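One chain, chain A, appears in both complexes that follow, with chain B as partner in the first and chain C in the second.
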Partner chain A sequence: MLNDYNDVLQKLCHHLKQLAGPEVEITPQTDLINELAIDSVKLLNLIMEIEDEFDISVPINALADVQTVHELANLIHRIRSQKQ
Partner chain B sequence: MTSTINLEGKTLSSTIAKLNAPLTQAFNPQLSSEQPAAAIPTPTYNTQAQRLADFDTLIAALEYAAAGTAGYNFYDAKGNLRSVLPYQALRQNAQTAARQLLGLGLARGDRVAIIADTTPEFVEIFYACRYAGLVPYAMPVPVNLGSHAVYVRQLRGMLEAGQASAALANVDYVGFLKEAAEESQHLRWVGTPEQLGELPALTTELAPNSPDEIAYLQFTSGSTRMPRGVVITEGALMSNLQGIVRHGLNIRAGDRCASWLPFYHDMGLVGMVMAPMVAQVSVDYLATRDFAIRPLQWLRLISRNRATVAFSQPFGLKLCTLRVRDSDLEDLDLSSWRAAGVGAEMIRPDTLRNFAEKFAPAGFDARAFLPCYGLAESTLAVTFSEVGQGFQSLRVDAATLVDRKMAVRLQVEGRKYSEFVNCGRALPEHIVKVVDEAGQQLPDLRVGSVLVQGSSIMTGYFNNPEDTCKTLKPGNWLDTGDLGFLFEGDLYITGRRTDVIIVNGRNIRAQDIEELAEQQPEVRTREASAFGVTDANDVTTIVLVIECRLTSITDRQSLTSRLQRLVYMAFGVNCLVELVPPHTLPRTSSGKLSRFAARQGFIQRTQMTDQLSAESGDK
Partner chain C sequence: MSLLDKLDAVAAARKALLPEGIEVFGTPIEEVYSSTEARIGDHRILFLGTNNYLGLTFAQECRDAAQEAIHSEGTGTTGSRMANGSYSGHRALEREFAEFYQCRSCIVFTTGYQANLATISGLAGPGDIVLIDGDSHASIYDGCRLSGAEIIRFRHNDAADLEKRLRRLGERSRSTLIIAEGIYSMLGDRAPLADIVKVKDAYNSTLLLDEAHSLGVLGETGQGLVEETGLLDRVDFITGTFSKSLGGIGGYCVSNHPQLDQLRYVSRPYIFTASPTPATIASTRAALRLLREGVELRRQLWKNVHQLYSQLKELGYRLGPEPSPVIATILETPQQALALWKGLLEHGIYVNLVLPPATPEGNSLVRCSVSAVHTSEQMNHVGKTFAKLRETIFQ
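After this line comes the complex of A and B, so read on.
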C-alpha cells in the first residue's frame, strides 16, 4: 500500500510540475494554494488529469480538506484503495 | 496530453456515482453504479397540451405538468443516465416529503435551507417546501481547495440570514451542514433527504399557495459575513417564468433543455429547473462539477438528446472553447440547439465569436446565441434579445465612452473602440431605464446606472431593511448595480459598478474581500480596498490594496501571502496584494474609501493605462 502511495505521489508531482513550471520544487509539504498558485481553472485541469491518470473520480466535498501535495496524494490513494 | 472521457470504455471510474449519488440509487435500486443505466430519459414530445406558464403558483404548474410525460433527467460524469424524475413522480415524492416536513412541526412560511447539489432529491425537497407552504432556499456546494472552514462559515451565515428552521444536505455535505448548524438558534432539524424520508408524514391536507406569498429566497453572494437572501413571491416568480418561456424563448412542442448550471444559482434554479417545468418541457442535467472538468459532456448531452435550449454564462462557453479538442467535434451534432442563452455576467462579443467558430463544424448555428440580462433581484430575467437572430453588438468610440460616458457609434475605422453586446428588450410588464448619479433619466446612448421596474422584482432582502432600502428606490425601481445604456429600446451593459468583481463567472463582492483583510491584526478598518482589473485578454484579476505600516520585509511578506491565501480559500481565486503607505487610498468626503478612485490610483501606479475602460464609470 505504501508503494501505491509513493507511486501516486510521484505521478502527482509530475502533473503539478507541468502546472507550476520546472523551476518550482515540489515536496509533499508544498502548499497547493500558496506555493503553486492553483486557481480554480488550473484545479479543474489538474482533477481531470488525476482522474484520467488514476482512473478514479475525485469527490468535490473531499477537496475542501486538501491543502498540501501530501493531502492530495493521500486522497487519491484512499479513493484508489476503496475501489479495489 | 491526457485522454478525454470515453463513453463506452472504462477510462473513468464510477466512484463519483457511488459518492455523489447514493440517494439517487436508493430511489432507483435497479441501477447498479457499475453498469450503464438502462432507463430511458423522459420524452421530448409530451402527451398533454402545452401550457406556457399561465399558472398562479409553482405548485399549480407542477400539478398540471404531472399529468404529462416530461420530467428531469440526471446524467453522471460518464454521460450515463443515472436518474429519471418525471414530473408525475416529482409531484408524488414532493407531496410525501411535504407531509414529512410538516411533521417536523414547521409552520407555514418557515424557511428550509438545502445544499443544492445537482440531484433529484434537491428538486423534490424544493417543491416539497412549496407544497407545505414553506420557503426553501438553496445553498452552494464547496468548490475550493482547502475551503472547509470558510465553507462552514459561509453556510452558517446563510442559515442565520435566512433564519432557517430546517436544513438538508445529501450525505456528502451533511457533515459541513451539521458543523455550521452547531450554534444555530432557529434550526429545529438538520439531516439528509433520506433521513427525512424515514420520518412520519402528517396526513393533513396540503393547503394551496397564494400568489402574494413568498415562493423562495435566493442568496446572491457566495461568501460573506452577512449574505443577503432575495425574497421572491409566487406572483413575481410566475410573471418572470411566463416572460422567459413565452417572450424570451418562445417555447414550443419539441423543445428540450440541457443544463450544467448549479441549482443554487438563479439562472440554474429559475431558468433551468422551474422554467422548463412550468412549460412541461424535459431537461437533461449534468452536475456543475462534471461540466467544469469535462465541458464536452454538456455538448454531448445536447447532441445526443437533441436539446434545443441550453444556457450558459460566458465563462462556461469559454471553458468549452478552451478545453474541447477538435478531434471531439466529429461526434457532435449541435444543429438542434436553437436557443443558446448567454447571461449572468457581462458578455464579450469575442467569447461568442470564438465559441461559434470552434463549434460551427459540429453544426452549431451562431443564430442560436441569445444574449439576455437579468439578476436574482428581478427573479432571473430582465431583458432578452430576439430568439433565433443571433447576437448583435455595437462598436462605440472608447475615448468618448470614458471621458463623457457617451456611447458614440464608431464612424471611422482605426479608432480605439469598445464593443458591447445587445441584451435586448425588457420582458412584458417590465421597464428598464438608465439614470445618472442624481437619478435623472438619461437619453439613448448615455451610460449610467441600469434600473428596472416591473412585476418580477423582489419584495426585498430577507430581514434586511437597510440593504432593501438601498437597492429598491422610490417607485419600486430596482437598482441593478450594473452600468449600461439604451439604444433603440435595447439594453447594452457596459460594466458592473465597482462593488462586485466577476472572476471566472463568479460574483465576488469587493466588500467581502476587504472584510477578510480587515480581520487581520495588521490591517485597520477602512484601510483596505478591493477591485478587479481586466487585461486585454479579458482576464480579470482581483487587486487588494492595503495601507500598511509594517516596515520589515518579512512582516510585509507574511501579510501579503496570508491575504492571498485567505482570499483563495474563501473565493478560489488568486489576488494581487499591493501594500501602500498610510493615507494613499482616496476617500470620499464622508471618510469612505472610494474603490473607483483606488482602482484608478492603482492603474496609474502600475501604468496599466488600458484599464481605464467604461467599466469603471461610477464614483
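After this line comes the complex of A and C, so read on.
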C-alpha cells in the first residue's frame, strides 16, 4: 500500500513540476495554492490529467478538503484503492 | 485571517492590475439611447458587449407590453410562485416556450443563472454524477455544487474525452447528467452536439443543453443549436435565458420528461425566490414572438458577425475558433487586454474585458457581442478602430 502511495506521490510531483517550474521544490507538505500559486482553474485541469494518468474519476467536490500535495496524493491513492 | 481580510486581498489584487480611475468592472452608464448606444461620462458610446443579439431591448412591442403589464398587474409579484401563486403571464409564457420547442413542459425562472441552478440541483442529487464541459458557465458549476452530486469535468468540446470519462464510471453512467452549452460564452464556439448525443445514448445518460447564447441566434426559428443540428428530440433538458436575445431577464427549462414539473417542489432556487415581474414576463412574451419570426434579424446578425470576425482575423488578432455573435480577441497578458479595452472605449466602443481565472487556458479576453441592429456604419467604425489600435497594442 505504501509503495502504491509513493508511486502516486511521485507521479503527482511530476505533474506539479510541469505547472510550477522545475526550479520549485515540492514536498508532501507543499501548499498547492499558496506555495505553488496554482489557481483554481489550473488545479481543475491538473485533476483531468491525473484522472487520465491513473484511469480514475476524481470528483472536484473532493478537492474542498485538499490543500497540500500529500492530501491530494492521499485522495488519489484512496480513489485508486477503492477501484482495485 | 479575520473574516474581512480576504476581501482586502481582493482589493489589493484589483488595485495591482487596474489603474486608479478606470472602472472596468461595472462601468457607470449615465444614459441609454438605444439597443446599441449609450453615454459613459461625457461620451456617446457604442455597445459592443451586451449580448443583445437581436437588439430587442428597445423593440416597441416589448416596451408596450411591459408598460401595459405594469399598469394592469403592478410592478412586482412580491413573492414566490409556491407561496403567492402563478400569474396568468407566468403560465402563458411557459405554454408558449413549451410550444416553441414542441416540448411537453416548461418552467420559467427569475434569472438565467437560477434556471441552471434550479434545474441542475433539482435533477441531480447526492449519489448522482454531473459530467460537465470544462469551460462551463459559473451558473453550471454553482448548480452542480448545490446539487450535492459528484462533479466531474470533461475536456472542452471533446466528445471522445466525455466518452472516456463515462466509460470509467461503469454502471454509474446511468445516473449521470451531462451538461454542455449551445454556444460557449467565452470564445463563442458551439458544442459538438451530434457527437455528444451519440455518447450519451451509448451510456444511457441524460443530457442538459444550455442555449443561453444560442437562443435566437441559431436555427431557422431561433431555437438554438438543437434546431441547427436537428437534434431537438435527442436532448433531455434545455435551459436558457431571457437576458440575451430576448432583451429582458429570466430563464427557462423545457423538456419532454414528465418529471420536469416535479422540480417546482424540490428545487430551492425556484421555490425560495420571488417570481418574475409582470413587466418582465410581458416583454419576454412579446420578444419571443419577434424572435420566432426574426429570420431577417438573424440574417443581419450573421452578416455583422462574419464582417467583424473576418476583419479582425485579417488584422491578425487571435480569435475564438469560429465566427459567432460572441467574438473574443485573445490577448497574451491582462495588461494587453486592458490596453485594448481602454483604447476601444476612448474611441467610443464599450466591450467586455474578461481576465483569468474566469477565462479558458488563463488567457485574457476582450469580448465583443455583435447585434442584428448594429448598422454598417457602426461595424465599419469598429473594424477601423481595431485596425488603429493593433499597432499600439502589439508594439
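Definition applied: the second predicted complex is superposed on the first by the 84 of 84 C-alpha atoms of A that agree within 3 Å, B and C clash if a C-alpha of one lies under 4 Å from a C-alpha of the other, contacts with A are read in each partner's own complex, and residues count from 1 in each chain.
Everything below uses one rule, namely that contacts are C-beta pairs under 8 Å (C-beta built on N, C-alpha and C of every residue); 3 or more make two chains touch, one makes a residue touch a chain.
Remember, predicted model here, so these are calculated numbers, not experimental data.
**Q** Please work out whether A:34 is in contact with chain B alone, chain C alone, both, or neither, and reply first, second, both or neither.
**A** In the superposed model, A:34 contacts chain B only, not chain C.
**Q** Based on the superposed arrangement, let me know which partner A:67 touches: chain B (first), chain C (second), both, or neither?
**A** First partner only, chain B.
**Q** Between chain B (first) and chain C (second), which, if any, makes contact with A:44: first, second, both or neither?
**A** both
**Q** Using the touch definition from the top, say if A:19 reaches chain B (first), chain C (second), both or neither.
**A** The answer is neither, since A:19 touches no partner chain.
**Q** Please name the chain, chain B or chain C, that touches the greater number of residues in chain A.
**A** With both complexes superposed on chain A, more residues of chain A are touched by B.
**Q** Residue by residue on chain A, keep only those touching chain B in one complex and chain C in the other, then list them.
**A** Dual-contact residues (chain A): 39-41, 44-45, 47-48, 51-52, 55-61.
**Q** Quick one: which bits of chain A touch chain B in the complex? Just the residue numbers, please.
**A** Within the complex, chain A touches chain B at residues 31-34, 37-41, 43-45, 47-49, 51-53, 55-61, 63-67, 79, 82-83.
**Q** Chain A touches which residues of chain B in the complex?
**A** Residues 2-4, 10-17, 19-20, 77, 141-148, 151, 172-173, 176, 289, 292-294, 319, 323, 504, 561, 564-565, 568-569, 572-574 of chain B touch chain A in their complex.
**Q** Taking the complex as given, what residues does chain A use to touch chain C?
**A** Chain A residues touching chain C: 39-42, 44-45, 47-48, 51-52, 55-61.
**Q** Of all residues in chain C, which touch chain A in the complex?
**A** 129, 134, 145, 150-155, 164-165, 168-169, 356-357, 362
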